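One chain, chain A, appears in both complexes that follow, with chain B as partner in the first and chain C in the second.
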Partner chain A sequence: MKVISISDTFGPFCIASDDGGKLYGLIVDAIKDDQTVELDFTNIEVLVASFLNGALAPLYRDYDSIYLTEHLKFAGLTPSFIEVIQAVVDNAKRYYRDDAYRKAQDEALRLMSEGD
Partner chain B sequence: MSQIVIPTINSEYRDIALLGEILKTARRDSREIEIIFRGCRFLRSQAIVGLKAIQLLAERRRALVTYDTVDCSTVVLRHLERSGVRESPLEQPAGTTIPVRHFRNLESAPMAIYLRDEWLGRLPFPLDPEYQRSITSAVCEIFDNVFQHSQSPIGLVVGGQLFPNMKQLQLTVIDLGIGIPNSIRRRLPQYGWFKADDALKFAFKPGYSSRDAPRGLGLARLRNFVGQNNGSLRVFSDVGYAHLGSSEYFGSFPGFPGTLVDVTIPVASPFRRLRTPMEVIL
Partner chain C sequence: MAHCVDISRERPSQGERFFLDTSVLVHIVHPALSLGIERQRRAAPYAQFISDCKRVGAEMYISPLSLAELASIIEDFRHKVYCRQHSSDTKVKEFRAIASERRIVVDSIQTAWTQAISFANCLDHNVDAAAVAGALDLLRRTSLDGYDLYFAQLCHHAKICNIVADDGDYSTVDNLIVFSSTGF
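After this line comes the complex of A and B, so read on.
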């Protein structure tokens, strides 16, 4: 298993989506060869959705959930980090896999415009 | 030369509308700006941060800023000096004023360290580390949004205040960009008919973004954080206004030349731990 220490690689403050994109590259480099990757969030102080969107969301464009469950692991997570990672993962899954979700977004926008 | 009169400015809706007018005046091209404090008995941190934004605008076009403080209370002068907006000949004790800082670009470490050391660090007791991580991460979502969407010519300015009696910490972030409603209308022309309050509702919905999806979780996360922890969040952006917290309101606003985000969080009540799963489900 390949372990990526997020704090060693990006420092304790993970905000920029560009850094997230770099992490995406590191993950893909490993899992494309059928390797398992562990993302270690120990010592992370700030974790922002943009960083995670850059790192994790495109994985759902490239791989399915079963492959990612087998090849991507997490360590050193706190409850608030689990919450934001889960939100990013769920959003990415719906976006790439669920046409109904996209249609629901459009419908919500229409209703919003009508003052609902 | 343009003259800007600064009266007492509180933090209510009408005060932020007045601050918006003042900032609009400052945006007019002028080689010299005279800031006159007239009957100014106190300024809330929103106005202090706004004054720093005026300084930055002037610096950007190499204009001179002068201050007339003859009719200004010593409380205001002290607040300006403690925040760092006005130079002080003497070292000032910090008091309850959070220093004003300016970030021209998305600088992850300086921004996070500012929140940790100069904002939360002002508390006389240590915070629960998980609460601290939650707060700094949620507030950094604002910073990230400014640099992704606002096109602010000055970047962002941030400052705040500790209210020890109310056991609250407050933070104000100002950018002088195009505003959230215009940002959404420009990036998504199909929603060009959005009213300003519609646009703010859109911005705070999880999974909605004017950027390529999947994105758009940052402001929703901030909204959840303040809602779950008895905080409040006010956003004044162009002609839109949102108040989020235990109750939510979206409406119109007279006008702000950019966006002002105001976050208030309780710091003494027990941290409400979220019921989260023990692991991420991929």
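After this line comes the complex of A and C, so read on.
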């Protein structure tokens, strides 16, 4: 199993979506060869949706959920990290797997944007 | 008029202080608002700037009223999604009475706020009669509305001259430096 220390790779603040995109690349490099990867969040101080949308959300566009459950593991999570990861993963699964939901979400965001 | 700074060309310094407007906050903490290429492109400069602030030791601030505005945006989003999914024109109050949807909204707000206060300090914000009078004055002199009237005042009282916003209305406020990627 390949272990990625998030704090060693990105520092203690997981905010930038570009950093999330880099983590996505590291994950894909591992799991495309049928390797299991563990993301270790030990020593992380800030973990937010913008980072996770870059790192985890596209995995649910590119891979089956069951494959990801088998190949993607987490360590060092606090209760609040679990909450935000769950929120991002739930939204990504629905967005990429449910056409009607994706259209509804896109339309809702378009309407909200027009109201800015 | 405020001075405007292109956030993608500016790096924060240690000790600098920034107020984060909800228009930016929501892009960082709401899963739907930074998902997809276009939305991610919009959120990315703000996420990078906030990340840089944490890295260099610049301070970021929000208001207790940021929760109210964030909650309103999150509920509005879920309500619109619900109406489109169900091809209905369910009113907001009817939507709030749907227990399963209410739970999703409340959980989303809680998760969003937990994230927000993990990187920004929540200031004390006294909205009293003087604040209302100040808000009315700003309403006359600027293009601000709603919560932004109080956020601009809070910046003034807390001696914070930098505001990170995806909202051009702040550019009409004197003595504020607006950090944005919108190029207004």
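Keep this in mind: the second predicted complex is superposed on the first by the 102 of 116 C-alpha atoms of A that agree within 3 Å, B and C clash if a C-alpha of one lies under 4 Å from a C-alpha of the other, contacts with A are read in each partner's own complex, and residues count from 1 in each chain.
FYI, contacts are C-beta pairs under 8 Å (C-beta built on N, C-alpha and C of every residue); 3 or more make two chains touch, one makes a residue touch a chain.
Everything numeric here is computed off the predicted structure, so don't read it as measured data.
Applying the stated contact rule after C-alpha superposition, one finds that A:Ala55 touches neither chain B nor chain C.
In the superposed pair of complexes, A:Ile31 makes contact with neither chain B nor chain C.
In the superposition on chain A, contact of A:Leu72 is made with chain B only, not with chain C. Of the two partner chains placed by the overlay, neither chain B nor chain C lies in contact with A:Ile6. In the superposition on chain A, A:Ala100 contacts chain C only, with no contact to chain B.
When the two complexes are overlaid on their common chain A, residue A:Val46 makes contact with chain B and with chain C alike. When the shared chain is aligned, chain B and chain C each come close enough to touch A:Ser80. Looking at chain A, you'll find residues 11, 13, 15-17, 19, 45-50, 53, 57, 80, 83-84, 87-88, 91-92, 95, 105, 108-109, 112 touch chain B in one structure and chain C in the other. Residues of chain A that touch chain B in their complex: 11-17, 19, 44-50, 53, 57, 60, 65, 68-69, 72, 74, 77-89, 91-92, 94-96, 105, 108-109, 112-113. Of all the residues in chain B, the ones that touch chain A in their complex are 106, 108-109, 111-113, 116, 130, 132-134, 136-137, 140-141, 143-144, 148, 191, 193-194, 198, 201-202, 205-208, 213-218, 220-221, 273-274, 276-282.
The residues of chain A lying in touch with chain C in their complex are 11, 13, 15-19, 45-54, 57, 80, 83-84, 87-88, 90-92, 95, 100-101, 103-109, 111-112, 116. Here chain C touches chain A in the complex through residues 23, 27-36, 39-40, 43-44, 46-48, 50-51, 54-55, 73, 76-77, 80-81, 84-85, 107-108, 110-112, 114-115, 118-119, 167, going by the rule given at the top.
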